[in-house]
Amino acid sequence: MTQTKSLIDENGKRTDGRTETELREIKINVGVIKNADGSAFIEFGMNKILAAVYGPREVHPKHMAQPDRCVLRCRYHMTPFSTDTRKNPAPSRREVEISKVMREALEPALMLQDYPRAAIDVYVEVLQADGGSRCAGITAASVALADAGINMRDIVAACAAGKINGKIVTDINDTEDKEGEADMPVAYMPHLDQVTLLQLDGILDDKQFSECLDEAVRGCKVVYEIQRKALMQKYFGEETEMKEEQ
Amino acid sequence: MTQTKSLIDENGKRTDGRTETELREIKINVGVIKNADGSAFIEFGMNKILAAVYGPREVHPKHMAQPDRCVLRCRYHMTPFSTDTRKNPAPSRREVEISKVMREALEPALMLQDYPRAAIDVYVEVLQADGGSRCAGITAASVALADAGINMRDIVAACAAGKINGKIVTDINDTEDKEGEADMPVAYMPHLDQVTLLQLDGILDDKQFSECLDEAVRGCKVVYEIQRKALMQKYFGEETEMKEEQ
Amino acid sequence: MTQTKSLIDENGKRTDGRTETELREIKINVGVIKNADGSAFIEFGMNKILAAVYGPREVHPKHMAQPDRCVLRCRYHMTPFSTDTRKNPAPSRREVEISKVMREALEPALMLQDYPRAAIDVYVEVLQADGGSRCAGITAASVALADAGINMRDIVAACAAGKINGKIVTDINDTEDKEGEADMPVAYMPHLDQVTLLQLDGILDDKQFSECLDEAVRGCKVVYEIQRKALMQKYFGEETEMKEEQ
Amino acid sequence: MWDSLSKGKRLDGRNLDDLRPMEIEMGLIKKANGSARVRLGNSEVVAGVKVETGEPFEGLENKGALILSAEVLPTASPHIEPGPPDEETVELARVVDRGIRESEMLDLNKLVLVTGEIVYVIFVDCSVINADGNLFDATSYAAVASLVNSKLPVFEIRDGKVVDTGEKQNSPITTLPVSITAVRIGDSILLDPTAEEEACMDARITITTNSDNNFAAVQKGSTGTFTLEQLKQIAASAKTKGEEVRNKIKELMKSGQ
Amino acid sequence: MWDSLSKGKRLDGRNLDDLRPMEIEMGLIKKANGSARVRLGNSEVVAGVKVETGEPFEGLENKGALILSAEVLPTASPHIEPGPPDEETVELARVVDRGIRESEMLDLNKLVLVTGEIVYVIFVDCSVINADGNLFDATSYAAVASLVNSKLPVFEIRDGKVVDTGEKQNSPITTLPVSITAVRIGDSILLDPTAEEEACMDARITITTNSDNNFAAVQKGSTGTFTLEQLKQIAASAKTKGEEVRNKIKELMKSGQ
Amino acid sequence: MWDSLSKGKRLDGRNLDDLRPMEIEMGLIKKANGSARVRLGNSEVVAGVKVETGEPFEGLENKGALILSAEVLPTASPHIEPGPPDEETVELARVVDRGIRESEMLDLNKLVLVTGEIVYVIFVDCSVINADGNLFDATSYAAVASLVNSKLPVFEIRDGKVVDTGEKQNSPITTLPVSITAVRIGDSILLDPTAEEEACMDARITITTNSDNNFAAVQKGSTGTFTLEQLKQIAASAKTKGEEVRNKIKELMKSGQ
């Protein structure tokens, strides 16, 4: 994140034409995988990501079962064709880490004690990766968990903010991630007002840190509205969405 | 299988001197591995292949056991020195696939329901590979299973046919496999008149397809006679074979 | 071990200034790892090696447990920064072999029948490797086992002898190992007068073989004294050692 | 199921030789050099093509390298565990590969930069997203369609190094291989089996034909047997039905996907 | 523990924002290009730097390559099994790496021999010897101290080959990243947690600052949550406490270690 | 067994220092550059030599590379599971390798094409087909005999590339290393143990001598001990018995195998 090209033009527009606080286009389809107990497909800018949920179900191997709660397992995985250079199919250390933080970001929203001795598996498959695939993956996974009917305290919405050309901007894209100065992915539960994921790559001073965190949370709230509509559309049909928009 | 060199000369002879319908020389020795419950060593052209059978025996891990039948497991494996270029000792995808089709080719001949909760392991070790090693391996393995005293409905014999210089020929060798137009390995139970393996690599039209299949089955019947003699020689001695040949 | 440079100078001194029968400086600290049941840190020339013992404790997986005795497990492992060229973190075949001979060298001294169904784990971690790391590792491990309070018949002390410039010398160092003519690591129980490890790399005639073996055993006895003092110092304090030296 | 089959009908109402409805979407993965998503009934596969340069395979010094992989994602069914490909998935990848390779769908001779040293390396990676039977054909169609959809970067050698000129070229496609999979259940032969039908099958066979309607590859699977007559009957069906699928792909090509 | 925490005290007598005693020893591994051993309470880590040459990473053709690994040795606790790194150890390595990489502690631009072809490859390998909580910070301090301690071989290109001149140079260090880890237990925020405290934690966060006292990297962990206020409060502590640790490392540097 | 041993006899009728009957067949694998099959009692091993070119090992820039592997095939006994080599098989390979390497059986200095860059790489791969004790010696004899049987391709450097001239050369063999393995059962020392004897052994030792009848390699194994006297006694037997085996191999060489 050293040499900063001009990532904001004279009109205040970013490389993909967005304003500083604008999110990329987001589409979520619920229930797209027939065999899964819950699923969602998200397009978040150029990200195309599937999330499938299986469970609550029996745990294998059995010794992993917990007597008082459900085990949540999570896998973030990129298909070989999802990245600019072909991704080696073997799981990378990056995928292992994201799987872990993704699980930790989703778990606070789930009532796992309602399903003792069971497991819930969340599989996030990146078909096309753009900047922010972990946020898009968490967002899709949370919708898929709702679609699976898992008891939840809240929905987890995720969005990054970051710094480019010295300015705090919302929802960092691929170019901004690579050439910008900082990227801060955040996952957030809007009703409980709690942060479930926070990472930072890049340099921020005191003021920028606060500003960036606040802006990421604002982005999460925008994302949450889209999650909510996608779920309502699935369960109450197109009409409901119409009403929402009036 | 693109550029076809002349693989049949003006006298109708193939690169190793055989006629179109002639099989390579085949020798089978039964009971060659002291520790195994059944075993056979086959020389099929330049192929040198060992097959050893262990079982019926207890299954490990136990959860793999089937309450109503025996589990058949099969491994096709090439030694590092068996091929023109040294073979990496790690199992290749080709070996994994051949292990699978070999098991599926052998299983129809076995009375697996006679051995509930048990396992039979078939290990096929290629010491020297020539064209047609999977057919030679299946042929040896079936003899080894008989040598182990497993209850069988039939013997499985295997032989390929193929196309070189536009003609259907029996028992494709290494050069013909690499430079010819098609290779069709077949495994067959002569008494039950059933095909247990069929693969094809290369281009055949309608007529050639039928002709090739029929010719491979004819080859299997020739192979079967050699299997039968090898088993008789083991159990009734040299003399028996003499009588057979009269 | 082909071309022998001059490894002994005109004064009979070796490359590190030692005489032919002199061992490198050896320091042993007992109880250095807080969480372990027993531990020792050895500096043996430039070798810096940690040994930690966990157990006797429950065996995982359970089917490995022995009804009449304790299972001894042993791992010899080099950190990536311990060698001249960075060591790949994956266990090498050398490490696998040394783990095995190390276990076999330590086991004769242990009263394993005193702990049926349990396991003892010995972890030897090479932080810096010099010639003779297996001998140093065995020496440290035996002290760590004593520190863990395991019932023992004897302490195992280890030391190599070897041949450089045609002469038998004690405690081969790295240069002598690489450029000398023979290296013979030996582990030995001084009270029982029994050899528990013997290896040889390099050429020795009859006489040299005997001489080398005897010299290695003499080295083991020197090592044993240092082990004994380290243990006494831990359990009876500085003063005890003082008395010993008077 | 047996009752139904004895009347020549399947549980989902199809005739024994009916294929399920098929949908093909091409070009959905912009970061890939080619891509396709195929739905065959409820089975769904995404395939992507990625192009690099590298050394040719040994013994094939004058040909580009084609490397096909398949994985059944754990999203696809409750029975899939994440991890390295099992025996069935290895067979899936090899059978799909064999159809493409043996039909010579890609003219690999045109994908050489320096004979014996640098060639195009074409990766075709197939991901099964939902599994409801006949993954062989669904994956094969996705792989073939992703190649049909693919544009290759134009590489050149300049000063001994590979340079991506930034231009694109059509992939050198010579034929369209199409596989048809049949299973035997008792005496009935069913095409394009569902997962439910595969659970009851005695034997399986996959037959690939090329655009000349010749046979290019065959793979028999499962632990049952076929008679010679059954095999020849299925071979005939593979030609008829394969042509139907091929025409569908050709239409998509014409429609500019 | 809860009783104690409600009174603002910890089981080992520390205040909530006290770090444990720390010891750093540099240069203990003579065969490494740099090394350090850190004791943070009873947690103990050894890190070693090894330098080689190799190809740069893709997309980073004009930078040296930094490769950081971490392993928790089975000596470290009764709960560690030997074997490839688990999820937690992968996270440990990546968080320590991130602090060093994002702060640009090493000026990787100075570690290039031939742009795009040959660069310095700096391995920093960290081995946890004893584990008693807060491995993130203990490992981070060991890695940073081993780099501070490191001297790099001077490589040159002669006749197209890499030659080790036998000379040494200082590592191009630009800043000292320091991580501070906090955990939340109920409503209390504790810095530098012990293993016992980690066993009770609701959530964890690691914040790395650089020598300018700006933030360079953050990693939230564990399955609990933080409020925005808590996060901002911890960020402030990370600056204050990070500066204390940084001063300690600076003193060691001056004292010539 | 103990009764028998106390009378100096073994269950198979041998004296304590008798080896089992041995058969060596050379050249059975035509596709290998050298090969041998050894039967030692009921233990049976096939070894094959394959020759390639590659980079020398680090620190051995002026020597060809010798790489020896061993695997115990699952055909060999009911107790072998297929899979990567276990601890015992790793030891087997390393002990066989050590005998060949330390005796300098092959003059690796003669197997260099370009110092430090391209050398002959000699693979010796050993497969145990049937296991009935003393795999160390059976495998060692097979490996040595396969090298004795080997002819190496003549490689040349032309225009900076390795070319196989199609010609063959004798392998540069300088000595014949022969290992003798003994086990201690109680107070008895038995040579060439069967599997049954190994199941009762207290300790094992393998001693390799070269053609000058000097010692070249030793490996003590198993969890028992030896006295110094026992070790010296076994060393003497290893010389006498090793010479017998060596003469057998020499005869085979003369007979033109």
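A, B, C, D, E and F label the chains in the order they appear, each numbered from 1.
Following the convention adopted for this analysis, contacts are C-beta pairs under 8 Å (C-beta built on N, C-alpha and C of every residue); 3 or more make two chains touch, one makes a residue touch a chain.
What you see is a predicted model, and the numbers here were worked out from it, not measured in a lab.
Student: According to the touch definition, list the chains common to the neighbour sets of chain D and chain F.
Tutor: The common neighbours are B.
Student: Tell me, which chains sit next to both chain A and chain C?
Tutor: Touching chain A and chain C alike, sorted by label: E.
Student: Taking each chain's centre as the mean of its C-alpha atoms, which one ends up farthest from the centre of chain C?
Tutor: Between chain C and the rest, the longest centre separation is with D.
Student: Using C-alpha centroids, which chain lies at the maximum separation from chain B?
Tutor: Ranked by distance of C-alpha centres from chain B, the top chain is E.
Student: For chain E and chain F, let me know how many angstrom lie between their CA-based centres, rounded off.
Tutor: About 48 Å, centre to centre.
Student: Counting in whole Å, what is the centre-to-centre distance of chain A and chain B, each centre being its mean C-alpha position?
Tutor: Each chain's C-alpha centroid was found; their separation is 53 Å.
Student: From the C-alpha centre of chain B to that of chain F, how far is it in Å?
Tutor: Centre-to-centre distance between chain B and chain F: 32 Å.
Student: List, in ascending order, every residue of chain A touching at least 2 other chains.
Tutor: 85
Student: Where in chain F do residues touch at least two different other chains?
Tutor: None at all.
Student: With chains as vertices and touches as edges, which is it: line, ring, star, complete or other?
Tutor: If you draw each chain as a dot and join those that touch, you get a single closed ring.
Student: Once the touching pairs are worked out, the chains link into a ring; list them from chain B, going toward chain D first.
Tutor: Putting chain B first and chain D second, the full ring order comes out as B, D, A, E, C, F.
Student: Could you please specify the touching residues of chain B with respect to chain F in the complex?
Tutor: 33-36, 39, 46, 48, 50, 52, 54, 57, 75, 77, 79-86, 89, 121, 123, 125, 127-129
Student: Can you name the residues of chain B that touch chain D in the complex?
Tutor: 1-2, 85, 93-94, 96-97, 99-101, 103-104, 107-108, 178, 184, 189, 192-206, 209-210, 213-214, 217
Student: Which residues, counting only chain D, touch chain B once they are in their complex?
Tutor: Result: residues 58-59, 87-88, 90-91, 93-94, 98, 102-104, 109, 205, 207, 210, 214-228, 231-232, 235, 239 of chain D touch chain B.
Student: Applying the document's contact rule, which stretches of chain D touch chain A when the two form their complex?
Tutor: 28-32, 35, 42, 44, 46-50, 52, 69, 71, 73-78, 82, 123, 125, 127, 129-132
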